[in-house]
Every structure is written in structure tokens, then in C-alpha cells.
Amino acid sequence: MDFQSVLDEIYEQVKQSENRGTVASYIPELGKVDPSKFGIYLLDHDKKGYEAGDANERFSIQSISKVLALSQAFGLEGPDIWKRVDVEPSGDPFNFLSLLELEKGIPRNPLINAGALVICDILISHLKDPKQDFLNYVRSLANDDSIDYDEKVAQSEKKTGFRNVAAANLLKSFGNIHNDVSDVLDFYFYQCSLSMSCKQLANTFFFFANRGKCIRGHEFLNLSQIKRINAIMLSCGFYDEAGEFAFRVGLPGKSGVGGGIVAVHPEKYCIVTWAPGLNAKGNSAMGMQALEQFTSRTGLSIF
Amino acid sequence: MDFQSVLDEIYEQVKQSENRGTVASYIPELGKVDPSKFGIYLLDHDKKGYEAGDANERFSIQSISKVLALSQAFGLEGPDIWKRVDVEPSGDPFNFLSLLELEKGIPRNPLINAGALVICDILISHLKDPKQDFLNYVRSLANDDSIDYDEKVAQSEKKTGFRNVAAANLLKSFGNIHNDVSDVLDFYFYQCSLSMSCKQLANTFFFFANRGKCIRGHEFLNLSQIKRINAIMLSCGFYDEAGEFAFRVGLPGKSGVGGGIVAVHPEKYCIVTWAPGLNAKGNSAMGMQALEQFTSRTGLSIF
Amino acid sequence: MDFQSVLDEIYEQVKQSENRGTVASYIPELGKVDPSKFGIYLLDHDKKGYEAGDANERFSIQSISKVLALSQAFGLEGPDIWKRVDVEPSGDPFNFLSLLELEKGIPRNPLINAGALVICDILISHLKDPKQDFLNYVRSLANDDSIDYDEKVAQSEKKTGFRNVAAANLLKSFGNIHNDVSDVLDFYFYQCSLSMSCKQLANTFFFFANRGKCIRGHEFLNLSQIKRINAIMLSCGFYDEAGEFAFRVGLPGKSGVGGGIVAVHPEKYCIVTWAPGLNAKGNSAMGMQALEQFTSRTGLSIF
Amino acid sequence: MDFQSVLDEIYEQVKQSENRGTVASYIPELGKVDPSKFGIYLLDHDKKGYEAGDANERFSIQSISKVLALSQAFGLEGPDIWKRVDVEPSGDPFNFLSLLELEKGIPRNPLINAGALVICDILISHLKDPKQDFLNYVRSLANDDSIDYDEKVAQSEKKTGFRNVAAANLLKSFGNIHNDVSDVLDFYFYQCSLSMSCKQLANTFFFFANRGKCIRGHEFLNLSQIKRINAIMLSCGFYDEAGEFAFRVGLPGKSGVGGGIVAVHPEKYCIVTWAPGLNAKGNSAMGMQALEQFTSRTGLSIF
């Protein structure tokens, strides 16, 4: 299939869209991003890349990092990880903390904030230097040592992330945070601040489309583990718009408030979009359009 | 792949399982079923069938019928259907009616009871003789005129289905039932009482694995519509165990309290299991095991 | 204290209020009431009455009847009544049915609809001819045989009361309705349709301010029982505005969507207001103002 | 009435009770208290005191302090206080934070933890040296300079109060905490650590039974303000057992996890009990029994 011309057409068409969403401003640093940015990058199963627009510009990957932290933690902790975090969709935009109370401190899944905080806690228990070791893990996956945290974004979120502080303390009150709450939060804010381009993300997430083997061919997770994380991305990767994404795009994926979306088609390809404007549900407005068009035009969804 | 020997091995192994669940008893008629029943049927993309155990014995398909009603309603009503029912997982085992209140009478998805009641209401608005016309639709999909309702089961549920009566009246109070509540409930109880074998179900659901074309080659829905229903099955087909099913089995599917489970792998195959004992979440205990083994052994999941 | 001149002043002042609320229209018959109606009646501990405005005109007492049904059921069933209904405020305007689900069919208190339905069910189990026997009970309390149901209102609510049908069926599904759901609902709709004037209500409720002895001196409940119902009225008599009423008025009481409010000061007096316009929380707007002024001017609250 | 002999009888009888509850252990320091302690103190309207048992031994007043902080804040801030905290019962034992989310950061009432944190924030905005100024306020009310904080208890709760840290941060995320979260929490933990005897508490709370005038005759709040706080105590003073307390005891009051209960009968008396064992709802088991017996024997409830 001629992926390049498909990307070019989608890029031109979505670029004209009037439905561009709004740049996230609750993390002050993120509010400074140019809203007209738009990039797409596709890496096929033969490791051939295709790009359009700002595919090489770095942005804050935010919640997309949760999938990477989950994969590192799953590798280190094994199936015991599921004793501390469930794999069900949260299904509830209203009250992110209330389910946590009803379910006694077991977050619904590892891709909501509460679940990601538990994953951070698990990583801290395993790693000597969590921030550096996690960064090395991502660099190694991507085969790219230039990947780094964005200190300004991390500090900006640290000052305003009261809701995450609330979640971490509630988890601690249920005994589902083992380390110091402040260490967990610090690691979490850094993890979310990772700055990467569409291309770098596609290289990093390639192993989810390649049965666990990274772009250099090293096995990071086995097929069974990859299947599980892909299933979680499909069910839980888009907050309360997970069903909508499965329905419109039909791929496992994960979005971030920085405007990035990563999606994978097992054994076929990995695709990444970036456009900072978010829709009402907090997912990149133009990214959603681009991905829906992509699977519609190519017929390459998992359904 | 030698599907027959895979089915045989799984059948023998799961048959010995000590984790057999409990037969549903809240619908009195269902409580009379022999708990030792166990059948598997697989229909591959070339319409070749493989079976093990009680694959030709009929059972009450119950909630599996919701997918068939949804597909008929989607065909008749088109995308307007999504104005009256959402496509997000419900995510909540505790309070099936409360989300309905919070979200002003728009059910979370068409596969929970409240959503299925709205689908029944939509069908009643379109069909002259809803019960007969829906039955004809299913018979036509399966190419099998022997399929029928089980009057005893329908009457049994009618006498005890207070929770569904509650849901229908709550929907009516929000204006999301247009016809008489009692007509909607009557149709709903009949729809759920459909009696079919694993083989008949596989034949019927074949079109979800065949881009909308039924076993006789007639197109019932287009590819885009099929994709959407498959996505909904994956996200919402197993109540609050949807994530677990996606995670362990990795296929779109739907279960019923009669002990049946249908799952499809688009463009590959359709598989149906039946074992009346249910696990704590209300899904067939042995069916779940059989399907997990099947995708693990064959590697044929969508993830 | 010169109650008459206090009532006259309050009547004149509140009559000018611009904050008159909106007449309930969800029961069609209620929507036909003249919104300018306004009456006050006070019966002191010596059975001396004081009135202002439309104090002798009958209106639909609606939820005020729940207190009377509760008192009859408490007398017949004794303390076992609290096994089937709790005495805590519901505290939740959003989702009236969801608490019922969380708490497994035990309504929060007997003055919310779900609780009143359970009380109706208890009465049906005790009474030979529930509708007539309850009517006789109220007539006997008031010493007034002219009190009667309003058939039109009862029928009007019967046609539109889907939410109550939902609640009754949900209760039935939890086993907390013992009789036929339709009998319970029929009795409930009639009970709410009682048509009484401010004066008749004051005469009826006198026994709550008189240690259980009615206006003719007969003991209907003992002091301990009266204390309990007064406490329930204070905590739960005004839906999610119960705290506000306790706070602004400082008396046990009960409102109805017909615009009536009854309030009692134990061993001091019973006061009833009627003005059909309701505030946003569903309580009579002018009635609330009149009662707040009354306890503020006289200092006669329980706090 | 011979209060002394009533107290003596109740003391002897409740002392034998087998239903003694369990001492709170979630704040480690509180777990060290002797569970056999039991004291009662009554101060009548003529300032005459009556006592039984350990009425002069100091204990941690915990949540009882919330009423005192509320009264100081109400005096300083006036009615604007109700813009930041509501006056409705919370009605929900399950999910203390979820209502906060549904209601956008406005706590249900000032006597639940979230509400008390907002009150602390209001006091910090008004007071130069909040901890000292609040202590002086309490000493002045009680006419007793020996009252003080218990440093050990304050530190103990500080180390384990993750749930309160969660609540404060959630409030901050909604903009309903204006000062530093850590300052608010520090003040809150100190406030709760106040150590007082039954007698000291009765002297302090006397002004709620005396139209706002303290034991020395100084007016701290006006009658209207006192009425309002008494109403709030009745509706909200006992978490999800508020209705039960109104029902069984029939007085405005407030309990603390240290085992203390304060109750007032406006213009009649103030009564305080202390017994460290708590019932399932977190209120002093023997205190509840003693107070229920007191109002039953004397007939002196507000209902």
C-alpha cells in the first residue's frame, strides 16, 4: 500500500479542518505550544517510515508515557502487577476519585492517573535511580539517546497538579502506595514530561506492533505480555472516549494532553499523530480525525 | 491450522476444570439446565465448521441476542442510533441504573440492558410485527428457519424481570423510550429467549467476521458498520469483565447468562462456546477458559 | 404571643415577594392550579387556630401524605419497620435510584419516594382495604370526614409516574416490596392525591405537636414514636434542602409538590402554608419565606 | 429535675453494657487510650454542673473541634461562609470524596472533613497566628486557660492523615482552598488534637444552649447564628448516623473519634459524654447509649 500518498492526502485535508480543538492550559507550560502544529508519522512492519508535517518536532508526550511505564513495570514485576491495578475501563468522566473509594484503592486500570501512580510506585520499588533508569529504558526502546525529560514542564505540573497529589494520597490511605508519596509524585511528573517527536514515538512503540521486539530486534516483552498491553490500550487508552476511539479508529492506542496520539496495528504498523488542540474529551481533535481517516481509507483496523 | 485437534484438546482439558461456575438461577427456567453441558463450535473464513461436545444442542442465548438486535436496528435506523445510546463501556458493576440518571437517560452502550431496551424501542418503531420480523432477520442471517423463541423462558423472565421493568420505566421518564413500556419489555424478553446451538450461533455471527456478508453471501451491513459493532463488542461485550476478556482472550465477543459466548476474529473465524456455569462476573466460566486457551494456542487474537 | 398579627404581617409581606417559584407541571393536573394562591394556618397547643389568605382552600397535599402513611404504618408494624427503611438523609439530588442500588434496596428514609413505596407496601400487608382504611385514618386524625382523594390527580400521576414505577420495580427486585407492584403503585398515587386545606392539615398534624394525641384527645402514637417521626421530618422532610430548612426555619416539617408545607413545634404549635410556586429544589418558594419569617419573628424554633 | 441521680443511674447501667465498641486505631496515638474510661458531664441553663465517672479527665476531642472552628469562622466571615461550604447532610458513608467531585469542590457541610478543611482555610485568611488565635478563642469560651493542643496526637495524625491530604488537595484543585495546602493541613491536625475533659467541653459549648452567650455572659454569636449552627449539628453532626442520632437522642450534637460526644438542648442544658469505644459508624458506643437513655428518661429532647 502506498502509505506516503495516504498520509499526504490526510495531512492536507485535516490541516483544513475547522474542528481544531483547544490547547490544554491547566499545565501552564503546555499552554505555550503553537496550536497550528500538526505532524504524522507511520512506521510499517518492515521498519520503513513515512511522514507528513511536523513529524520531527518534539512535544510533551504526557499520558502516552503511561504505556511505557506500564511495560517496564510489567517486565519487572510480572503478573503480580494486576493485584494492585485492574484492567477494566473506568467509564466515568465525572468522578475520577470516587471509583477509587468504592473499589478500595485498586485503580480501574494502569492508564488512568491513579493507576499510573501505582505503576510509578512499583517502578520505584524495583529501580535504583527511577528517573534515570526509566529514561534509559525509553532510549533503549527507541534506540535514541537524545530523548529526555523537559524540566520546565515537570516543574510546571508539579506546582499545579493538586488532583494528582489528591489521588496519590488517597491511594496511600488504602495502602496501595508503598513508597513516599512525594517520591512517587516527583517520578510521575517527570515521566509525563518526556519530550519526543512523532518519529521517536513510533520507533519506541514499534515493539507493540512487533510481538515485543524493539526496532533493533531485542525482545523487551513476550507476545503474551504485548497482547495484554495492546488490549488495555484499546479498552482504556482514551479515558471516557475509549469506546469512541475503538469505534471510529479501531486500533489500540494512547493519547496525551500534549496533543499526541500513538496507535498500533499488531504485526502491521505503528502510527503517531501530533496536533495540540484537544476536543471536549481531552484527546487531540485533529489527531482523531487523521487516524479515523487512515483506517477508513486503508481498511487497516483490527475490526 | 488444524482447528479440529486444537478444539479437541481444549475440550478435553477444560472439561476437567474444577472452576466450573454456577448456573444462573434468577430466571427460574434457566436454573433447570444440566450444568455438565459443554460445547464448542468454530466456523472458519472458508465456512468450514469444527465442533466438540454439545455444539449442536440448543440453549437460551440471552444477552447474545443484543448484538443481533443492534445490527438490525443499525441497519434500519443508521447513525442516528447513536443519539439515543452511547458507545462507551459502562465500567460499573455496582449501580446499573445510576449512570443512567447521571447521564439523563442515555445508556452507556447498546449491550447493557438499558441500552438493549432502547434498541428494542427503535426496532418497534421500524417493524410491523417486531417479534416475528426480528426472528426472520435472525433466521435469514443463519440460513436456518428452525430457530425460534423459547416461550417458557420468555414467560419466566417476564414474571421476574423487575430490574428490567425498572430500567425501561426510568428510560421512559427521560423520554428515551418512544413506544409503550410494556411493548418494549415484551419484545425484549422474547428476544433474549432465542434458543440456538453453538453451530447456529456461529452461522449467524459469521457476517461479523466476513465484512458484513452472511453465510449465504448476502450483505447485511457494510464494512464500516461491521467494524463499529465489533469495536462495541470488544469494549462492552462482557459487562465489567470486558477489559478482562480483551486482555485474556483478545477478541470482540458477547456472552449471555445462558452460558453461551460468541467471539469473532475479523476475516479469520467465528467461535462459539456453551457451558452453563457462570463465574462471579456472570460470564461462562468454562467458556472463558476455552477461549483463552484457543487464542493462546493458535496465536489468533486481534492483539 | 399575638399569632394573628404575626401571620397577617407575614402574609402581606410575602404576598409581595418577587421570588414566587414555578408551579409543578410534571403531574399535568397540578399544572392547572392558580399560582397566586397563598394561605397560612396556625394551630396552637391550646387548639386555637389563626389563619391568613387561602387557608381554607383545598390543594393536593402530595408528599405531605408520606408522613401520615408513615405514622399509620409505624403504629401497625412497630419498630420492625426500620428493617425495611432507614432513617438517614438521602443527601443526593442527582441520582435517586443509585443509592437504592448501593444499599441493596433499603431506601434511605421513609420520606423519599422509594421509602414511601415501601411504607405503602407495609400498609397493604396490614390493611383489608388499604385506600379506604388509610383515608379513614386521616379523617379520624383530622376529625373531618370531608377529606378525600382527588381522582383526577391520582389518574394523572398514574399515567406519567414512570420514575415511581421504576423505583417500585427496583425495590421489588431486591425483595423489599412484598405485594404486587401495581397494587403498591396504585395505593401510592391515591395517597399522594389527598386534597386538603391548610386548616385540615394543621388539624391532622396536631398530634405531632401534642405528644401523639390528636385534636380530639385520642392517642394515635406514643411520645417515643412521635419523637422519632419528628426527628425524621427534620432530617429528611425537604429532600436535598432538608439542611437548608433546618437551618433557615428550624422546625420538623414536610413539603409537597402541590405547594404545601407542614411544620410542627413540639408542644407549641403546628403551622401550615400553601403557595403553589416551587423553588429550584422543589419546595414552595413563598412557603419557605413565610416559615423563615415566622420563626425569626417569634423566636419559636427548636434550635 | 434531679439531674444528678439520673446521671448516676445511667452511668451505672451503661457501665455494664456489653456493647462497648472498639477504640479508634487509625491515629496511632488514639489507640493507646484506656478503653474502660467513661465520663458524663451536664451543665444546666443555670450553669449548675452534674458529673459521673471520668468527667474531669482530658481526651482528644478530634472532630468536636470542628463546631468550634465553624463558630469562630462564622463570626469572622459572616454569611459569605456559605458560598464555600453547604449545609446539607452528606448522606454517604461510601465515597467521601466523590460528592466533592460531583459538586465541584463545595463540601456538603462544615462538619465533614472536607468542609472543616475549608473552614480552616477561612480562619487562616482571617487570623494572624491561626493556631494560637483559635486556641485563645476556645480558652475564652471555656473561661479556662489550661486547655491546650496535644502535640503527640497532632504529629501522629500528620504522619497518617493521607485521606485528609487527599481531600485538601482536591479542594485546592477546585480553587476552594486559598492558602497553602500544607498550612491548612497543619492547622487542621492541631485543631483536632485539642485535649479537653467532659466538663471543659460542657463549659465551652454552653453558649450554644444559651443564645450565644458564653459561661461568663459574653455574646460570641447572635441568636440567629446559634440557631444555624445548632441546626447544622443536628443534620450533620454524626456522619451517616446523623439521622439515627436525631432519631434516638433528639438533640443537636457532635461526636469525635476520641470517643467524646457533645449535645445541647437550647435554653435547657449542655451534656457531654466520653467513652473511647466506637460503634461501627465511628461514634462512641456507650456515649450514644447514655444520651439516648438521658433524653428518654427526662423527656428533654427537642422533638
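Every chain is named by a letter (A, B, C and D) in the order it is written, and numbering of its residues begins at 1.
Operating definition for what follows: contacts are C-beta pairs under 8 Å (C-beta built on N, C-alpha and C of every residue); 3 or more make two chains touch, one makes a residue touch a chain.
Molecules present, by chain and UniProt name: A, B, C, D = Glutaminase.
The structure presented is a predicted model; accordingly, all values stated were derived computationally and were not measured.
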item: Labels of chains that are neighbours to chain C (Glutaminase) and to chain D (Glutaminase); value: none
item: Farthest-lying chain, centroid of Cα atoms versus that of chain A (Glutaminase); value: C
item: Between chain B (Glutaminase) and chain D (Glutaminase), centroid-to-centroid distance (C-alpha), Å; value: 55
item: Rounded Å distance between chain A (Glutaminase) and chain B (Glutaminase), as computed from the means of their C-alpha atoms; value: 32
item: Centroid spacing, where centroids are CA-atom means, of chain A (Glutaminase) and chain D (Glutaminase) in whole angstrom; value: 47
item: Numbers and ranges of chain B (Glutaminase) residues touching at least 2 other chains; value: 94, 102
item: Interfacial residue positions of chain D (Glutaminase) with respect to chain A (Glutaminase) in the complex; value: 94-98, 101-102, 162-163, 165-170, 172-173, 181
item: Touching residues on chain C (Glutaminase), where the partner in the complex is chain D (Glutaminase); value: 86-92, 94, 99, 102, 108-109, 223-224, 226-228, 230-232, 234-236, 240-244, 246-247, 250, 252, 266, 296, 299, 301-303
